[in-house]
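One structure is given below, represented as structure tokens, and several questions about it will come after.
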Amino acid sequence: MSGNTFGKLFSITTCGESHGGAVGVIVDGCPPALELSEQDIQPDLDRRKPGQSSITTPRSEQDTIKILSGVFDGKTTGTPILLLAFNKDVKSEDYHHLKDVFRPSHADFTYRAKYGLRDWRGSGRASARETLARVAAGAIAKKLLREKHSVEILSFVEQVSNLRADVELSSLSLDAIESNIVRCPDHAMAPKMIKLIEEVRDEGDSVGGVICGLIRNVPAGLGEPVFDKISADLGKAMLSINAVKGFEIGSGFAGTLLKGSEHNDPFIPDGQRKIRTSSNRAGGVLGGITTGEDIVFRVAFKPVATIGKEQSTVSAEGTPVKLKASGRHDPCVLPRAVPIVDAMSALVVTDHLLRAAARDLPRGI
Amino acid sequence: MSGNTFGKLFSITTCGESHGGAVGVIVDGCPPALELSEQDIQPDLDRRKPGQSSITTPRSEQDTIKILSGVFDGKTTGTPILLLAFNKDVKSEDYHHLKDVFRPSHADFTYRAKYGLRDWRGSGRASARETLARVAAGAIAKKLLREKHSVEILSFVEQVSNLRADVELSSLSLDAIESNIVRCPDHAMAPKMIKLIEEVRDEGDSVGGVICGLIRNVPAGLGEPVFDKISADLGKAMLSINAVKGFEIGSGFAGTLLKGSEHNDPFIPDGQRKIRTSSNRAGGVLGGITTGEDIVFRVAFKPVATIGKEQSTVSAEGTPVKLKASGRHDPCVLPRAVPIVDAMSALVVTDHLLRAAARDLPRGI
Amino acid sequence: MSGNTFGKLFSITTCGESHGGAVGVIVDGCPPALELSEQDIQPDLDRRKPGQSSITTPRSEQDTIKILSGVFDGKTTGTPILLLAFNKDVKSEDYHHLKDVFRPSHADFTYRAKYGLRDWRGSGRASARETLARVAAGAIAKKLLREKHSVEILSFVEQVSNLRADVELSSLSLDAIESNIVRCPDHAMAPKMIKLIEEVRDEGDSVGGVICGLIRNVPAGLGEPVFDKISADLGKAMLSINAVKGFEIGSGFAGTLLKGSEHNDPFIPDGQRKIRTSSNRAGGVLGGITTGEDIVFRVAFKPVATIGKEQSTVSAEGTPVKLKASGRHDPCVLPRAVPIVDAMSALVVTDHLLRAAARDLPRGI
Amino acid sequence: MSGNTFGKLFSITTCGESHGGAVGVIVDGCPPALELSEQDIQPDLDRRKPGQSSITTPRSEQDTIKILSGVFDGKTTGTPILLLAFNKDVKSEDYHHLKDVFRPSHADFTYRAKYGLRDWRGSGRASARETLARVAAGAIAKKLLREKHSVEILSFVEQVSNLRADVELSSLSLDAIESNIVRCPDHAMAPKMIKLIEEVRDEGDSVGGVICGLIRNVPAGLGEPVFDKISADLGKAMLSINAVKGFEIGSGFAGTLLKGSEHNDPFIPDGQRKIRTSSNRAGGVLGGITTGEDIVFRVAFKPVATIGKEQSTVSAEGTPVKLKASGRHDPCVLPRAVPIVDAMSALVVTDHLLRAAARDLPRGI
């Protein structure tokens, strides 16, 4: 109810602040007998961690994950799985000067308005460090989807500022995404994006962009009509990520420019007595339920709020002050956000798979 | 869990199909002692009802709402409120030819994939008639917000196909929105939009567009950090409406083109010892919590899937067939969707107001 | 959140007051393709309805149920099912003298304390008429359990005041329960119970008692460990029924008098490579999960609060007043409560069956 | 959904097995600005810990609690609080011989039926060690209730086997409860109970009993009518504790022997324009909502399933085997269960206080 739980059947409850004791997550509802170790989770955290390349924050955080419950003899037992990463690189004093200042476009002011007090060390709970818990939990969901259902989840950086990649989704691979530090599989565009981010970094500024999400091999029939459309749940999942300002599925905002006769996806017979659509402007979802085609969506990230340039703001008392960040921020959050988008995709799809299983019961009998 | 409930403290559970007995909603969690009668609800339903103008479907449905519980002596009692609209204009035979055909970009195929069977009369539960229940429940939320908290909720048609209105949000009024049948307060653009919709209607085609939502006078501090950010909940609310393919808040997708130094909203002192921002690219939300500035968002609607032109599709057996709609569809759903967007806004804000109240308890003591 | 919803996957949301427009329930999560008509539901309502015998209230209420959504062509569609019984025998004026009086051991005072106002007509939402919705929804769950899973649910009156029946559970049948108006299958004890209730009725007084619940053929493995033990969910279900003051499962309170060596149920091999227990003091549940043995529990009902004898109480202003009920009450609620206990049993077991199905997913693959 | 979360607004999610890495709990929804440190929590854990007296298990576990998030500068921040106790006294090999045996009246068999596999070390998740997390979370709730609302929560051992204490609730104090190791405030009966437990321990057997729960100074008006009656939520809370087989509130099962005229609690005017009842057979709850009188309930615990005597059971393959526990068990769980009952009481009342606060919103304006 306080918004720290996500998912209904495969559900995660996260905790932890930037500079508290630990960031953690309880994964509840994971089916038993899934082989699981910390090695299944760490690689996704490494894709998210700070300091991984020249275009991310130089902060060094190891983000080592520990499994503290729910796994026995190398397998999940069906009981809740506690994943924990202890906080290490704690320099709270770096933030002491921000104790009574509201940084522009950060959550300092709104947390204060909401709670009456706030943990001012490194943004506290509003820090993107919270997403570590999502990525750790998402790694379990991804493994379950991959091994038990052959579902594949891939996201990549499609746009940085006004630089837009041209990517053929049908041939997209994780290798292509991971082949450069900006996680853009368009090999011509990636170096331009990296150069732009470096320039912006050197100016003490930041840029935003768009991540494209792709989910392959989802069975038709997932999603609940009306409020829990899988598209609505994906939208909520992505809009809950720090810095996200927009979400669209399939044709999205561009689709509003088409006529119905141009936008509709014709159904066609497919070889194996299956039915497909010859185009996929729907983005894999009709009426909130999956069609079996690829789920395709886009997520808009605003430029990082922390910048090195001097800015005007006010103190908690309402006095105007000048502010200049000390420096260890990401000039562009998108490369590190790719595994976060992946994780949220995996959590949504896994949850809806379990929900579908519950409904199927009497049909199977 | 089956996705027919929305909201946690002010929660609605809806039911009903296009051609079943009734469409209804149980509103649970409405505080007691709110004056309420059917006259508070009917006007919003009239803004949503078919046949209201030359650019909506000519189907005639009265959508008369009845309050069947939860109100006594003209006031809410705190117990669940049942609102019901019986179905009348039932011509199921109109749909009989669609029994075994999957209409392109409709939910016929996905419902069949999900449930194994479907109510094929007028799209069944996937019909936009379901949104009647949202609008009815939303009218209660709007009244509560207006009377108890002075929150004002206004949405309008900002774009139809490529025609984009120019609207000054600070002077926007309900009268301006209701001054024309397309519900666009830009008096120069509205007639062009209407003309375009009429042309498209006469072609047997359809168009999409964008609704802009505005919520004024929301107190700072609403919204739960992490997963239940108020922006994420608004996004889910809007993406759960039929035909919606995109959502953005504040600067949205356009904000990805700005640098941090251009995008950040500076905090400034306001006369009454208050703090405001001098710009509002955040759209009224930082870190998922309201700033007290206007909440501004945009919702993308695809063109209506039902068109009069002949289309290719397949039958339930997978055989290719030709399909041509019989006619009583909306050429553009946006004018009638405005009250639906309003309703979902009201439901989200009311729910978060009650959630904030729960948390405030110990501070008030 | 306001406590009008029960169940997580097979969930019901009820509404309605004693003298409002209707009592209703939305059943959400019922699997598709279950054959269902009003004739499947009405018989259970008839077992609950007032005026059915000489030992129930003489109020005449027909309680005719209507299905208004979620069923098409005689089958459930997987969408929410709205069941409604319109209120008829409305003599609100009978209650007008109670408008400002707090009847002893009724909820008048607590509703006023909670909501600040109350619907004083026939107890409003606190009326046992609310249980009509539970019985209607429970009839669907019972049908699903019976037809798809061969689960049988039987409850009976085991004790009225100090008269305690002696019933052999292994041979219990619905016919035996329904063979007399007090719904006690002990043919020697039933007439004594009836006579006692008649005497108490003639005195203008009331009596309480115990209902024993039995659930047969539940598969082993249902129930969630820790908080949602199936025994805990059954307990909550029963304790949520009007007038219930106690619940015990298996050996219950009497089991506290035994030593561990006397209380433990030994496991024994069963013919078909199955494992059973040779006794069932557990009542069919170990660690909150079903063993596959019969679930057996007991529910204590206090004597009906409405009595014909004069009582002392206070008005809403706190002035002492004398009160005497006008008469149309049940001298003993137990015979009519039997189908309510059945319904709550069915709802709990169905919900846990669906929850188990969700978890089984990956094992089935 | 998997039953590891309890509470709706003040909610806890627990994790951990007897011999895994840790037992933990995320407390979500705790209001901000409550002073909190580990010293507020540890005393309750010490009341629950093994080895605390001659009548509890001799296992030595320190159960040291750590706060890892949600507290800053000695105060809660409103964000989730992670409490963790690392497991130490791990002798998994002690349990190796139980790997393939189903101990009578334990959850070994049902976990296996449910999950297909189980963590056999020390009962895994079914171990009463799980209640450590409840007690830790409950300590926060108790502090909030005590400091902000003056609510007092006291439980005590009322019955061990057939030895029943005589306790005057109106003068009950924590000191009286803690004055002896069996936690029974009847000074004449406590030594008899201790002697009985010692005798049973020496026989290698175990006994059960009854804990009486008392909650003082709860405001009138808490609880949701219909399904979430506070009595039903208390019942579920208690029935979710290991080894609990029964729950009753107020007059409970004994109340079924009274007539309505004997059972009803008359309302009387109280000095300060307040209304009270002259008796409290209701146990502080009418219609599921608190009256403002003391909440009084009883909880039945079966005798501990682990005994030193030889028992018959079967292996996982269904072969009959003889079993004899190695020894480190509690002969009577009740003294250590007292703080668990307290914790569950506190969690239920706190949750309902927050729920009431949410509803009060518009009345306060």
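Assorted remarks:
Per-chain numbering from 1; labels A, B, C and D assigned in written order.
Convention: contacts are C-beta pairs under 8 Å (C-beta built on N, C-alpha and C of every residue); 3 or more make two chains touch, one makes a residue touch a chain.
The model shown is predicted, which means the values in this text are computed figures rather than measured ones.
Of the two interfaces, A-D and B-D, the higher number of touching C-beta pairs belongs to A-D.
For the touching copies chain B and chain C, the fraction of interface residue numbers used by both exceeds half; the interface is of the same-residue type.
At the far end from chain A, in terms of centres built from Cα atoms, lies C.
A separation of 26 Å divides the Cα centre of chain A from that of chain B. If each chain is reduced to the centroid of its CA atoms, chain A and chain D end up 39 Å from each other. Between the CA-based centres of chain B and chain D the separation comes to 45 Å, rounded to the whole angstrom. Across the assembly, chain A contributes residues 1-2, 4-5, 8-9, 14, 29, 32-33, 78-79, 114-116, 125, 225, 355, 358-359, 363 that each touch 2 or more other chains.
Across the complex, chain D is touched by residues 1-6, 8-9, 14, 102, 104-107, 109-111, 113-116, 125-126, 130, 159, 161-162, 200, 205-210, 220-229, 231-233, 235-237, 239-240, 242, 245-253, 255-270, 273-275, 277, 281-283, 285-292, 300-307, 309, 311-314, 318-320, 355-356, 358-359, 363 of chain C. The residues of chain A lying in touch with chain D in their complex are 1-2, 4-5, 8-9, 11, 13-17, 20-24, 26, 28-29, 32-33, 66-73, 75, 77-82, 84, 114-119, 121, 124-125. Touching chain B in their complex are the following residues of chain D: 1, 9, 29, 31-34, 78-79, 144, 148-149, 225, 353-355, 357-363, 365.
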